[in-house]
Amino acid sequence: MHILYPLVVAALLFSIGVYGVLARRNAILVLMSVELMLNSVNLNLVTFDVWLRDRLHGGQVLTLFTIVIAAAEIGLGLAIVLLVFRNRESIDVDRLRALAESDAEPPADSVVERQGPAGQGDQVAVSSRRAPQ
Amino acid sequence: MILLAMLAVPLAGALLLLVPGLRQNRLHGTVVSGITLILALAAALAFDHGNPRMQLEVDRAWAPAIGLRFHLGVDGISLPLVVLTALLTFLCFLYLLRHPAAGGASPALLTALLLVLEVGMLGTFVALDLVLFFVFFEVVLIPMYVVIAVWGGPGRRAAAYKFILYTLLGSGVLLVGLLLVGVNAGTLDMVELAARHGEGLSRGMQITAFLLIGLGLAVKAPMWPLHTWLPDAHTEAPTVGSVLLAGVLLKMGTYGLVRLALPLAPEGAEFWAPWLGLLAVIGIIYGALACLAQSDLKRMIAFSSVGHMGFVLLGIATLTPVGVNAALFGNIAHGLITGLLFFLAGAIKERYGTGDLDELGGGMLAKAPRLAAILTFACVASLGLPGLAGFWGEMLALLGAYQPGAGLPRETFVTFMVFGGLGAVLTAAYFLRMLAKITHGTPADGPVVAGVTRHEYAAWVPLITLTIVIGLWPKLILDLTSAPVRALLGGG
Amino acid sequence: MIALASLTVLSPFIAAVVGMLLGLRLSRLLETRGVPGHRVLRNGPAVIAVVASALATLFALIVAVTLWLDPGPREGTLTLIPTGTLPIAVGLQVDGLAAVVGLMVCCVALAVQVYSIAYLAEDPRYSSYAAFVSLFTSAMLLVVFAGDLLLLYVGWEVMGVCSYFLIGHHWEDRANSRAAVKAFLVTRTGDVGFLFGIFVLGVGAGTFQIDEVLRRVGDLPDTTVLAATLLLLAGVAGKSAQFPLHTWLPDAMAGPTPISALIHAATMVAAGIYVVARLYPAFLAAPTALAVLGVMAAISMLGAALAALAQSDLKRVLAYSTISQLAYMAAGLAVGTRSGAVFHLLTHGAFKALLFLAAGCVIYVTGSNLLRDYGGLREAMPITFWSMTIGFAALVGLPPVSGFFSKDAIIEAALHAESGIPGPVATIVYLTLLVTVAVTAAYATRAWLMTFFGTARTAFTPREAPRLMSWPVGILAVPTAILGFFGLGASELRPHLGSAALSLLLAGAGGYGAYAVWRRDPALDPARVLGPVRTTFERGFHVDDVYDRVVVAPVRALARAVVGVDDRVIDRAVESSAGVTRAFGGLLRRPQNGNPQTYLTGLLAGMAVIVLAVVIFV
Amino acid sequence: MIQAIDYAAIAPVLIIAAAAVALLLADAFDVPKRFLGLGCAGALLAGLVAVIALAFGGPRATFCLPSGLRGDGPPSCSYVADDFALLFQVIVLAAAVIVVLMSFDEITASRLPAGEYYFLLLCALIGALTLVAARDLVLLIVALETLSLPVFALVALRRYDGRAGEAALKLFLISVISAAVMLFGISLVYGVTGAMHLDRVAAALARTPADLKPVAAVGVVMVIAGFAFKVAAVPFHFWAPDVYQGSPLPVAALLSVVSKAGGFAGLVITVAIGFPSYGHVWGPLLAVLAALTMTLGNVVALRQRHAVRLLAWSSVAQSGYMLAPLAVGARRLPDAVAATAAYVALYAVMNIGAFAVVAAVARRYARNFLTDYRGLARANPAAAAALAFFLVCLAGLPPGVMGLFAKIVVFRATVAGDVVWLAVVMAINTVIGLYYYLAWAVRLFAAPETEGPPLRTGWAVGAAIGAAAAGAVVLSVAPQLVVQTVSAIT
């Protein structure tokens, strides 16, 4: 098999991943697109490893690591998405705009000294839920 | 070692103010700067006047990795400036004893800032390593910024920002130029570099280096059209700030040009000299014309600095020993005279509560005869009357322009000379206009104006005396500068 | 010898410094000690100034006598000041010319110092006044004795500033202040040219030492000498109040009268002529410059005389007459008679100082400067009258007083112009000289008649001025009367019958004309017959107005424009850089809108651009 | 095939790893938070001691290729504890100590789970420590991810705060996509060179066939992109302000100092050891990135009103300065590396100090606007003086001599590499930077809007500020300490 085929497939996969990342609003779908990108890398690595007949099998080693990393990332990513969903009741990434450049004054409640009474944190959460979208 | 002590004393004096007990000592600044002055004078005494080389050198390795050495020394070029700096700072402290700067902040802070400022100014004049020079060059920025921003007039904030940002822009460019030379020549030692006269640097490199160094220093000098920070800073700064700004800080720019730009990149200097001369002459005429239409006393004196520094720059642009001598002489003279003028402007503002020429009205000679007489003296000195310090710098600069260095277009420089002469007439015009406006005429009825106090006399009389002495006996300075200047320009 | 000359220069200088600092203290000291005698002796500044002047006069006299006994220039150099190029020599040089002019300066200065004691007796600022007069004297002597061009320039400028201070002595009046500023600025304009002339000459010759320069003038290219002399003429025109830089002198009469006598008649204004005489070899090497000088002189001479004819202020009459008489000297130099010019300089110094001091007496008595306020003073002021009569006679050039001899020498020389100037110029100069003689006689007669004859036109107490004033006047009348005879010793200064007769005839005609008009109605101003041109003459041909429009107004406009440009262009550019940066910041923060997908797009687009660039450029 | 492992070389990493596990266990046994924190700080100090002890010996390397596989190639070790690595480990650990000190109050105030917090922190540090010593692409990427992943969790630890989650998600997304890009780059480089060890990559890249050169070049720049994300260089900077703002302050400090130092170390290692023959590619690229980064960072920082966002943008700008020396490409590279390293070291001190003061102020004003700093000089003179000093250092003006020296060193290296234009851009940027640093410093001394009670800092934050300030003062008096050390190392 010519080396070009897997490489083109990998490149396509990567591009699809990029497209997904840019086009999907849903955080889960974005995460899946990222998976595509990472897997295209794996494909690349394995292809090169075989093609080069690398005695050290650096490509395959890295592939294994990449799989692990990807798994960890997805795990963590889903956890974060879950956290966001619990706070915002939405996982549309393009609606996460509470943190941005703006000249608006900050919400008044966060001006008070934070002594850490119970419930205070929830108020903050509520207020940020209403933050400008 | 004496130079090291001269730098260490004011620094230690500033640090001592961290001790709470010393903050109440009103004499602290005066004493410390007095000791510094004594050390500077001691350096002048220890200085061998016949020797054109660097003297009293201190040379230690500092950061060999980047070729940085702690190298200090004085020669005839820097010695007068060192003494001038120490003197002016001391006089400022004397003046402050009785006339504290208006503003809520603590006098101890002002003392500390002025002492740090002194370290920076003295250091700049004695540093013999490019990076060390730059470090000292930068030391003055923050103290001067704070002095303007805290004790300044109503527009102090903006003026202070303009001052520090503009001059920092200059020094950033300067740093690039210095490092360009230093890295390509392989050494940062100014003595070594000056001895090489640009050897080992390509022509293109020298042209770039001179441009960068020149631009950086021209902001400080200030050269037209990079001068606009100056009027604002001067107008807003408190009296002592203006005095040191005009008296010393501006000289750091022109001194740098003489000490760094000329010997390090001679071919670059030759390339840019006509442009430098052109801008210098524009500065002369422009400064004078701007003065002619000013209504604020301090602003007028500030613009007059633009004109006077124009003469200094013109002298440098001629690339001749006489021109550079003129520049150095002009530096000293301007430091003395404009320092005095700013003291006077401060005194007038303190008494009349305004610096506006129209509001001041006329008849100061009747109301405050001594103050007006000293003001008249300072103006006459500033307009370049022979026999007073201001004359020699201007006259020699014009003489240099009549006979510019080899390789420079003579016709162009003769034209510069003619316009420079015209500028001298205009200079006389605006000073006399100002004198006529505020000192002549009959005074309006108003409160009695306080006479000149003892502390004011103490601060001013040395300046007046020196203006007369070096005006009548210019040999005092010219003897010192001539030989090193010749060496600097490669004349052996 | 040189030491004596230095002492001559230094004693008034020291007096100036001491008088300025300690004059009042000395007065107080003398007052408390109760020094007996005249109150003059208790005027500290005056004592210092007079003693110094007297000393200087003594030294100058010794110098002059020594030089007379043993002619030949002497010089001495104290030190050389290095400049990086040609050094400046701090040194003096004395020759016959310098000695005699120096003596004249000292004498007039002494007379003025003495005279001022009475004239300004009540002045609270006497110490500064006396000090500036002393400083001025010192500066003038420096000009006279300087052995180096730049040293000469130092004296030259210091004189200018003293003149500024003294004209503006009564600064309460804005007009005086304006006159002072004008005098300084106009002369300084010329002085810049003068300085450049020194540069050209000095650099060309390779030295600033005057004797060396003059020795090497022959080897210099013609253009250099021409340029140098023309530039020097600018300074000469400024100081000696020649057209076109003469406008300051009439206004300078705002100063106290003794000052007019000292500075604006006898000494400073003569400095220009003196310098040309001093550097005469250089001028002879450049006939074109002499021709320019001749034309300048011709215009100044006749124009000023005509202007003098219509002035209503006695001092302004004298001021214009000074311009006119200085032009005589300049004309003399232009046509090649250096000795004639210097001779006229000396006689003029005497008679013009006399005239001014006498005028001061008149003003002191009548309390007015205006001719129309005088009249009939002949009886009450005999000393003043007779002295002034001699003075006017000298001015007109009537024998046997001094002016006759010196003027005649110049007119005679103009007939045979030997300086190499073009023929037509010489002719113009000659004719102008003759015409001016007639006009001079007319205005002198007018002023003389209006002051001393007829009846008093305003109420004042006719009396003689105080002795301290009238005596110097009387004493000055002596040299005015007899100085001319010293010229008989030199062949070129002896009167010639032809030209003497011609000029006497013309003077008679002018004088008679004025008398004839006056006699019709002694109460009226004879100048009324000038009709419509009177205003033009009185305003000095409107030169001031022209300068106002051509120079002053444009400079003012330019100054305003510069301030505008500085504010609105240069500073705006600097200040707007801050705004632009801020705006730029505002623009650049747009993408930072919080949307992660925008961020990712930016990131990936950036990556794509980088990859593309790498692929294309590598 | 059994490899001998040089445990001494990896001792610091091991210490931290052991501490991490121990802390997690201790938390399970309800050890009080304070002891957890102290334990964490102790572990870091122990690691620091280990690193310093290592510095006295010669360079150590481990995980090398067995000689059988090495062939006639270079030694190819994966983990090298040379002076360069040790320097960065010192920076990382020292900064981490300050971060831990800052965390004491933060954990209480924000009700963070202490055990997890310290565990995650130490895990991230393991990544950073490894990253600076890694010499092959596999270890580099793994270490990089080890540095990144715990930080996502750290950012999100304020679970009740929607902003924290948002910040975490943003950081996460951009991080993983950068990682994907970088991995893709690695795969390309691997494809061209057939090697993962940097020394082998360098050798192979030097003899790339012409037709593969563009591929190799693309691979190189994609690898660099991964590090550019870590150091927040344009256009990979977007996450920085939002994440700094949304995360707990000690974490922001961690990101801006430790993580950034790691990123720079990785970048330097990669380009200097791995890609020197492609200097003509990455040199100009980094030059442009540096110019854009510093300009964008400074210009946008001008508009900030929020203290943490301002620090974020300023740290973007500072990244630009740190990148600048590397713009020289392969020419005079050792100088450039020394300059970057020196700048990172000096920057770490002053920036972490600024964060420490901001953290102290955040105790009173949670929103942390610049206006809240008015009158700090009255409320707490020591903190105000320290912050002013840090800001002046960041601006690079005396009396902040260390900042000035940092700038000089960077300018020098840039100019030495003939990238004068970049030096000029940098000069202009210094001016913009000065404005906002100075404006902030001036605020400290202005009269406050409302006179409040004195602001007290906890002992931990106080110690953090004190330590950073002491470091800054010492380095301002003797900046040659860093300059000399760094150049001796490289």
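Residue numbering begins at 1 within each chain, and the chains themselves are lettered A, B, C and D in the order written.
Keep this in mind: a contact is a pair of C-beta atoms (placed from the backbone, for glycine too) under 8 Å apart; a residue touches a chain by one contact, two chains touch by 3 or more.
Chain-to-protein mapping (UniProt): A = NADH-quinone oxidoreductase subunit K; B = NADH-quinone oxidoreductase subunit M; D = NADH-quinone oxidoreductase subunit N.
Nothing here was measured: the structure is a model prediction, and the numbers come from that model.
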| item | value |
| --- | --- |
| Interface with the most contact pairs, given as the two chains involved | A-D |
| Chain occupying the most central position, where position means C-alpha average | B |
| Gap in Å, rounded to a whole number, between the CA centres of chain D and chain A | 22 |
| Centre distance in Å when chain A and chain C are each reduced to the mean of their C-alpha atoms | 91 |
| Between chain C and chain D, centroid-to-centroid distance (C-alpha), Å | 77 |
| Centre distance in Å when chain A and chain B are each reduced to the mean of their C-alpha atoms | 60 |
| Multi-partner residues of chain D (each touching 2 or more other chains) | 169-170, 173, 177, 181, 241-242, 300, 303, 435 |
| Where chain A touches two or more other chains, by residue | 21, 93, 96, 98-101 |
| Multi-partner residues of chain B (each touching 2 or more other chains) | 165 |
| Chain contact topology (line, ring, star, complete or other) | other |
| Contact pairs between chains, per stated definition | A-C, A-D, B-C, B-D, C-D |
| Interface residues, chain C side, partner chain A - complex | 589-590, 592-598, 600-601, 604 |
| Contact set on chain B toward chain C in their complex | 162, 165-166, 225, 228-229, 286, 289-294, 320-326, 362-363, 365-366, 373, 380, 385-387, 391, 395-396, 398-400, 402-403, 417-418, 421-422, 424-426, 428-429, 432-433, 436, 439-442, 474-475, 478-479, 482, 485-486 |
| Contact set on chain A toward chain C in their complex | 18, 21-22, 25, 93-94, 96-101 |
| Of all residues in chain D, those that touch chain C in their complex | 169-170, 173-174, 177-178, 181, 213-214, 217-218, 220-222, 225, 229, 234-236, 238-239, 241-242, 280-281, 285, 296, 299-303, 432, 435 |
| Complex interface listing, chain D residues touching chain A | 65, 69, 108-111, 136-138, 141-142, 145, 149, 152-153, 156, 158-163, 165-170, 172-173, 176-177, 179-181, 183-184, 186-188, 190-191, 194-196, 241-243, 245-246, 300, 303, 305-306, 309, 363-367, 369 |
